[in-house]
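Labels run A, B, C and D following the written order; every chain starts at residue 1.
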Amino acid sequence: MSLKMTLPELTAFVAAEFPQVKDDFAIDAVSEDALILRLKVGDRHLRPGGTVSGPALFGLADVAVYLMVLARIGPQALAVTTNCSIDFMRKPAAGVDVLATCRLLKLGRTLAVGDVLLRSDCHDAPVARASLTYSIPPLRA
Amino acid sequence: MSLKMTLPELTAFVAAEFPQVKDDFAIDAVSEDALILRLKVGDRHLRPGGTVSGPALFGLADVAVYLMVLARIGPQALAVTTNCSIDFMRKPAAGVDVLATCRLLKLGRTLAVGDVLLRSDCHDAPVARASLTYSIPPLRA
Amino acid sequence: MSLKMTLPELTAFVAAEFPQVKDDFAIDAVSEDALILRLKVGDRHLRPGGTVSGPALFGLADVAVYLMVLARIGPQALAVTTNCSIDFMRKPAAGVDVLATCRLLKLGRTLAVGDVLLRSDCHDAPVARASLTYSIPPLRA
Amino acid sequence: MSLKMTLPELTAFVAAEFPQVKDDFAIDAVSEDALILRLKVGDRHLRPGGTVSGPALFGLADVAVYLMVLARIGPQALAVTTNCSIDFMRKPAAGVDVLATCRLLKLGRTLAVGDVLLRSDCHDAPVARASLTYSIPPLRA
């Protein structure tokens, strides 16, 4: 068991494949079964009152598990989200980034499952939790 | 049982309270237990390849249930999403809007539950399904 | 598109393969995209106070989608539940069966998705809603 | 922050209030933000082939979070499950108990959220993960 993509390789992959969102995220850490992804909060992520929007939090959780899966299987596969369950538990703190800590719970042949805790930077209490399933298509020869 | 907000009132509420997203959505229909919300798909909703992004679909489902709840309880209350479960089932069709058909399954004193089917405009097979819970804060006197 | 198993064939399949639970359930109806399953409520399904237990409701939703999938793909495949999201919305009525109305939303090569409304017999308001994903293993030659 | 019920008090509560299921479970450990609950696997929990059934795993996760909440708020309140999302990831090992490790992620005035990892005794890889929301009714004076 080992990583197929390093942190710089993952960062370069996001920049190349997802130019629309590359400025939203920074990968803070990656290991064989965990990844920390940072949402670099800007005005476009905010709802009235200055709180980070639900879709922005969803997207953060989604990309965190996606990158965790890629780190383990490599960039050749096109994984797609099939399910997400997310609980919004607290209001994000104003004016700080949100960090997603992802655990990879299962990496099967066709399905991967990860869960995520989202926290405002420098805060302990989780803003949200999410679990996601990715479908991994078979490799083509 | 009756509607506390009409379709034009809901549309005006979104324009006033959520100026960031008001151009994303149009309410196609509302009744006592159902609401149809349209995501007016633009470039900002797309992923590479031209498919509507997961966060955009999540946001559509979220706003659909939110407006369905407001239609029934009126604009005075500040409902917040506490849980969402979403299944992504098919790729949205390219170049067309996505429609969310929301059913209100429960409207309690403190919790409301709705489910949503998302379809590409003029397509039958659902792109995604979602169920959401909203927490309704007590009214202040 | 057509049914691979009729209502009597599904009933016989449950009796043969799941002798432990065959007395719990009756299939009231099946069509190409819907199935109604009845939980024949007995003491073993009840919690103190006489309400149907959460695990009994979960099992009802799970078996409803399972049988809906089998009705479409036939008994040869061994489908397994990979995900369930369930919302408990109202207390079941005392002393009556619970009915699950299942819709098949997706039947793909490897994943099937269905959703379910659970109602107490002769009651309109749903007791619970659930959505489930089944993984369908590849056929062996 | 402290525990309102100790491990022996929780065990006695289950025996008194849930006589139907008290023989199914043993509380292995409890602290302010975590609880370990053991499903003492018997024939009644098994499906054909000897694997622990889905409803038994659901019930284990449900009771684990319920007891975790009670440990913190005390036995006076009647908490009810409003939502559960569960991912079944691996077949439980045959012939051994299943352990649920619960984390309390939020304990609000009206809602509590916990998540759970289920593992076969003496095995590392999780059999399932679940997250549950409990609604906590207001105290009566």
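As a working rule, contacts are C-beta pairs under 8 Å (C-beta built on N, C-alpha and C of every residue); 3 or more make two chains touch, one makes a residue touch a chain.
In this text, all values refer to a predicted model and were calculated from it rather than measured experimentally.
The interface with the greater count of contacting C-beta pairs, when A-C is set against A-D, is A-D. Over half of the residue numbers found at the chain B and chain D interface occur in both copies, marking it as a same-residue contact.
Once the centre of each chain is set as its mean CA position, chain A and chain D turn out to be 28 Å apart.
Chain A and chain C have CA centres that are 33 Å apart.
Looking at chain B, residues 82-83, 85, 87, 89, 133 sit in touch with two or more other chains. Here chain D touches chain C in the complex through residues 17-20, 46-48, 53-56, 58-59, 62, 80-89, going by the rule given at the top.
The touching residues of chain A, counted against chain D in their complex, run 85, 87, 89-90, 105-106, 108, 113, 115, 117, 125-126, 129, 131, 133.
Across the complex, chain C is touched by residues 82-83, 85, 110-111, 133, 135 of chain A.
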